[in-house]
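Common to both upcoming complexes is chain A, partnered first by chain B, then by chain C.
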Partner chain A sequence: MNNTKAIPSAKGNTHQHAMAGSRLPITSPKQRNRSRLQLTRWIGLGLFSFWLLVAMFGPLFAPYPMGAFVSDQIYGGASAAHLLGTDYMGRDMLSRILTGARYTVGLALVAALLSTLVGAGFGMLTVLLPHWLEESIRRIFDTLISIPSKMMALVMVSAFGTSIPLLILAAVLSYAPGSFRIAHSLAKNLATLEYVQVARTRGEGRLYIAAVEIFPNMIQPVLTDMGMRFVFIVLLLSGMSFLGLGVQPPVADLGSLVRENIGGLSQGALAVIAPALAIGSLTVGANLLIDSLSNSRDNQKE
Partner chain B sequence: MQGESLTVRDLDIRATPPGEDERTIVSQINFALKPGEVMALIGESGSGKTTIALAMMGYARRGCRIAGGSVQLGETDILSLSAVDTRALRGHRVTYIAQSAAAAFNPSRRLMDQVIEGALIHGFLDRQQAQQKAIQLFGELALPDPEHIGNRYPHQVSGGQLQRLMAAMALITDPALVILDEPTTALDVTTQVDVLRAFKRVMRERGTTALYVSHDLAVVAQIADHVLVLQAGEEQEQGPIAQILEQPNHAYTRSLLAAARPEIRSSSPVSSSTGDELLRIDDLQVGYGHCNRRGEPENIVLDHIQLRIDRGQALGVIGESGSGKSTLARAVAGLVAPSRGEVQFNSRELSPTLRGRTADQFRRIQIVFQSADNALNPAHSVRRLLNRPLETYFQMSREARKRRVEELMDLVKLPRTLLDRKPSELSGGQKQRVNLARALAAEPDLILCDEVTSALDTVVGAAILELLAELRRELGVAYLFISHDISTVRSLCDDVMVLYQGECVEFGPCSTVLNQPQHDYTRKLIGSVPELKPGWLEACQWSTHTQPSTAPA
Partner chain C sequence: MRDSLFGLVLGRLASSLITLLLVSLVIFAITSLLPGDTAQQVLGQFATPEQVEALRAQLGLDQPPLLRYWQWLSGFATGDLGRSASNGVDVIQLVNDRLPNSLLLAGITTVISVPLALIMGIAAAMRRGGALDRALNLITLSMVAVPEFLVATLAVLIFAVQLGWLPALSYVSTVDSLGAFMKVYAMPVLTLCSVLIAQMARMTRAALIDQLDSAYVEMARLKGVPPMRRVLRHALPNAVGPIANAVALSLSYLLGGVIIVETIFNYPGIASLMVDAVSNRDLALVQACAMIFCGAYLLLVMLADLCAILSNPRLRNR
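Up next is the complex of A and B:
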């Protein structure tokens, strides 16, 4: 994640060596200049990796099992025994969040990866395909993009019943087309550049050109796009869970934790505020990280 | 009406690149101009020419600051003005003519509105007066139909006309100082003559004080009174134009002069041609758009092209932009399919598209593009760039490839330490050498060179040309050398082909065609190249108004 970058070695230095065409920069490539890591990137990185770690190791640190009824008090406030209070059935909220984060982060991550893989993969390859094939693939993705994502997920769940693979499929179907559009327009511009034409006159195959000549030059915007899709998918899945159509009990993701405890909202219960804050900090963290990454890309181009 | 004097003392400009410490990019610049004089700032790219010119308006680009010194225009000390006063100065007393007029005009507004905008904003003239003045200026700048040209939009006039319209925009407020930043660099030589002539006349008549930024000594010789030679932000030499041209004191000035004088640069090319035919093109036609019933495309870019290149021979192709030069190279490379005609390579017919070509044909024809920035994949290291053709074309062990890559670096005279760098860490000249080395890795018979030196500074470009000539002697490769610059063709090629509007108007040995041109257009093309002596512009008889006929003489 930590993005270091190289700026062309100091141009001013080169002129002392201006001998007939061979101007040698004095600075060696080892002394590449590291960008100033902005504060927002550290905050974003911190929040995001915190939730990533929680998703991986959270259950190990959970003081109680997820479904255990541990307290007589419902919507209990913070106490030494229950740091984040208790939920509407007297279960430990901290344990439920530590365990539930896995579903939100994990599902969204898988779905975001898949959407990008499908979208960017097709986006890149279609540029090199014959024109009629490119057009027909584009039309298919355009059709998918015209269906609102929540609507599509709702229809799919009501038709087939909810399950984790189906939720992932719904997310991919909703978000891969957008990824395709972005990757396609990036690749389209890159494919007209001269180094791609040199590769074509060298007799290189389509797959080589896509993977070696085009892909490395669009990876950063594609990654940024994937980050954004991750955030959207977190919100989509949380929204589905909030409607009761997402991850089903006994397991719960962050969205369903908010829904379960919505009755405590009038009392200002920690049980509804804590998972909501969790979703917020996860998406804000991811957003900050993405923004700082794309900023550093702009600087690199300068 | 009169220009004012300009005095610059100890100008220092510093820049802070992102993530780096501040460093000086322009230091200790001193010069003085009397009213009505023209000073030229000359140097290669990155030497601080434009940075100094912009400082005359009290402006420094983002990341830069004017750290010290003074700029005195008439009675005004420009660098000590407040923001409001500076704003009143710009576009009124100091005006700017940029390199690319196409980018400087708003495409959605009429030319007249844009030309008089500055005068209206500063309340210098009312609309009626401004329009009258603009029309008068259009006439003085030799623009066609001065009464009505202002009603057109930027895309309805040619590049040279747009450049003159920008001059009208700059002169309408009767500025005390005009800054011209490479105003003719983007133009074809034939257009450049007209624009230079118009600029010169208007500036002389009005007694404008001007700062002319350029990398081209020959252009500067026509227009400037004084020259300031810059390198890496420092003054190398300063003096009247005649003295700089006749008795340059500084070694750098001499190298600039040498690079600008092709006849001094190298002896006539040694022909290593063996007489074996390598490439033959018969009646080639290339175009784009839908084909009509006879199989001819809507827009024909190239037509009736006939040529032959022998092994080890260099054929130059010259013509102005839009003449179809690059299309010719792309057709030979297989990137565009011709609509008619035949290309024979090595006595075998060459498939019009890439699909029908054999691996061996791919290897034998290599293409080198103008802009090394776009021709080298920024994500790959130099080693990887050179390795790939070896992997594709030859069965070599890893060790042998490594040795060959190092040989190639020696061949193009680059140190091996650059092998692990990315293209962005190389200078322009180094990039173009890597670009060449990649083509040479395939051990080709024919290299298609598309404007390989035009993006480079003159001194660096001259070194690349020398390298090309040397490679030809040593390796016996043939070149199809495309250029708009006659002197580069003259110094490298045996034969030359002159393209005009997609047709070949003259073809023959370089010495014959360039010394005794038969066709009007060739004569005009050759006559339009500025010479390194003051007064050439007045003596030059060519202008766009003398249109050559399309038919070959």
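Up next is the complex of A and C:
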């Protein structure tokens, strides 16, 4: 849940090392790898930036207002007037997806950013704190990481009812610990390096060491990690909306669009397939992009 | 040697138990931060303050939180998990009715997905960099990011709507033949398997490649051991621990996936019970279900760790 999905992506690049090291390069595998990486990167980049643009400007291009009842036909198929058909109340699906994507992408971006800020911030600072404080903070994050993200969200919604700030809080509580773990181990390694020791001996303060010596050297892996958190959070929040426990009407994210039109599934309605595919293409695109980026960075290091 | 291994395993068990205790504290704290809510919930909006107060006293909600936590926790030992606020049935009863169904679903999924994932992961690791590996990499990398309800809706669209082989989104409660059994379980299992297999195959591949990259496999290659033998006799025995670790960790994904799958297919398991409980804000039931899920998650993570410990001679003989 929290950490298991992270492992395949993080580890999926091991063969690149071996390619360079242990096999005789008959047809220059590096070259071949590069072109393949480029392909998945372009697919990922294309899908991800498409949804980013939709989130930013989509509502401007929506042919109808999101909540307007524009057709007599429910679960209508694709037509010139309604490119993605109509939903269970005769509203235009294209307009609803263009608007819903803003919530899906926007909420997940905010939550991913906050998770990384909290997780990586603590991860970096705890290295410089006294040992007992470091251990107790680590224990707290270890406890939080042991609660699967959907459980955390479900338990919080059952206690407080659902709302957008609460959903973001649940996502941060679930995903900051993973970010903390990664940042903490990175910072721990960096803190033992000589130039940090030198800064310490020089008498620099903790915040200076964190900001000037440690942070610049861990920014790349932390950003990659944030990308993966983004994918997980999109899946979590649209899952919650799909269960009817996430974003509530009249506002709708892509997950709620799947939920409200699920009745049309038995007739194969476009209204249920289209938003589900939208979420899938967003998360798959982001995942491909992140994987290719972390692969290429490993190549650079060699 | 026995002692140290025993100590190591015992230490791991103890640390899991402590984590479970802390998790229970977090769950209890979240669900009890609003005192009186349960009483208000039961009586509805129009209850007088006196009525609410009386029910709170009856439910023990006026006692100090730590005492309530202790009573709740000890309830797990005695099987008294309180009553469901929405229909007054004992929580333990509801859980007992639903839990076997979920375990059956998870069991079938495991039995199908583990062998497939192992074959895919090992094949990809052996043909590293080849066409098969690249295709599997792209497919699994995409699949791990696909939401369960997309797989589920596409499965329904293909197998129920287009082909008409299976009933759409309906749970048949009478399972009297193998055919009926297949019809009930085909789509939920397919949906759960698709993401699970992708993840497990990736981790299996990574674990095996870790071994293939090590010096002794290089040595075997240099002295002319054929590829198949190299993988099966040299690398695989050493990768069993990491692979078992990967399998156990992947299985913990089931806990999240099953929530969506049981809901979409109306499957009467514990996950759909919990989702209903959350919708009804039936806190006693939510607490019990959440503890079961978190306990199962911790159990799998612990099993993964134990596989790693037991398979590592250096840890074993320390």
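To be clear about the criterion, the second predicted complex is superposed on the first by the 265 of 302 C-alpha atoms of A that agree within 3 Å, B and C clash if a C-alpha of one lies under 4 Å from a C-alpha of the other, contacts with A are read in each partner's own complex, and residues count from 1 in each chain.
The definition used in the following text is that contacts are C-beta pairs under 8 Å (C-beta built on N, C-alpha and C of every residue); 3 or more make two chains touch, one makes a residue touch a chain.
Owing to the predicted nature of the structure, the values given are computational and were not obtained by experimental measurement.
In the superposed model, A:216 makes contact with chain B only, not with chain C.
Of the two partner chains, chain C is the only one that A:155 touches; chain B does not reach it.
When the shared chain is aligned, no partner comes close enough to touch A:135: not chain B, not chain C. Legend: residue contacts after superposition of the two complexes on their common chain; A:195 is shown touching chain B, with no touch to chain C. Look at A:203: by the touch rule set out above, it reaches chain B but stays clear of chain C. Taking chain B and chain C in turn and counting the residues of chain A each one touches, the greater count comes from C. The interface of chain A with chain B overlaps its interface with chain C at residues 7-9, 11-12, 14-15, 18, 22, 29, 33, 36. Against chain C, the residues of chain A that register as touching in their complex are 1, 3-5, 7-9, 11-12, 14-15, 17-19, 22, 29, 33, 36, 40, 139, 142-144, 146-151, 154-161, 231, 235, 238-239, 242-245, 255, 258, 262, 265-268, 272-273, 276-277, 279-280, 283-284, 286-288, 291.
Those residues of chain B whose C-beta lies close enough to touch chain A in the complex are 17-20, 23, 25, 44, 46-47, 231-233, 252, 255, 333-335, 354, 357, 359, 362, 365-367, 369, 371, 374-380, 388-389, 392, 413-415, 417, 420-422, 424-425, 427, 429-430, 433, 438, 442, 459-460, 462-464, 466-467.
If you check the complex, the residues on chain C that touch chain A are 19-20, 22-23, 26-27, 30-31, 33-34, 37, 128-129, 133-134, 137-138, 140-142, 144-150, 153-154, 156-157, 160-162, 168-169, 199, 202-203, 205-206, 209-210, 212-213, 218, 246, 249-250, 252-253, 255-256, 259-260, 263-264, 274-275, 277-279, 281-283, 286-287, 290, 293-294, 297-298, 301. Touching chain B in their complex are the following residues of chain A: 6-12, 14-16, 18, 20-25, 28-29, 33-36, 193-195, 197-198, 200-204, 213, 216-217, 299, 302.
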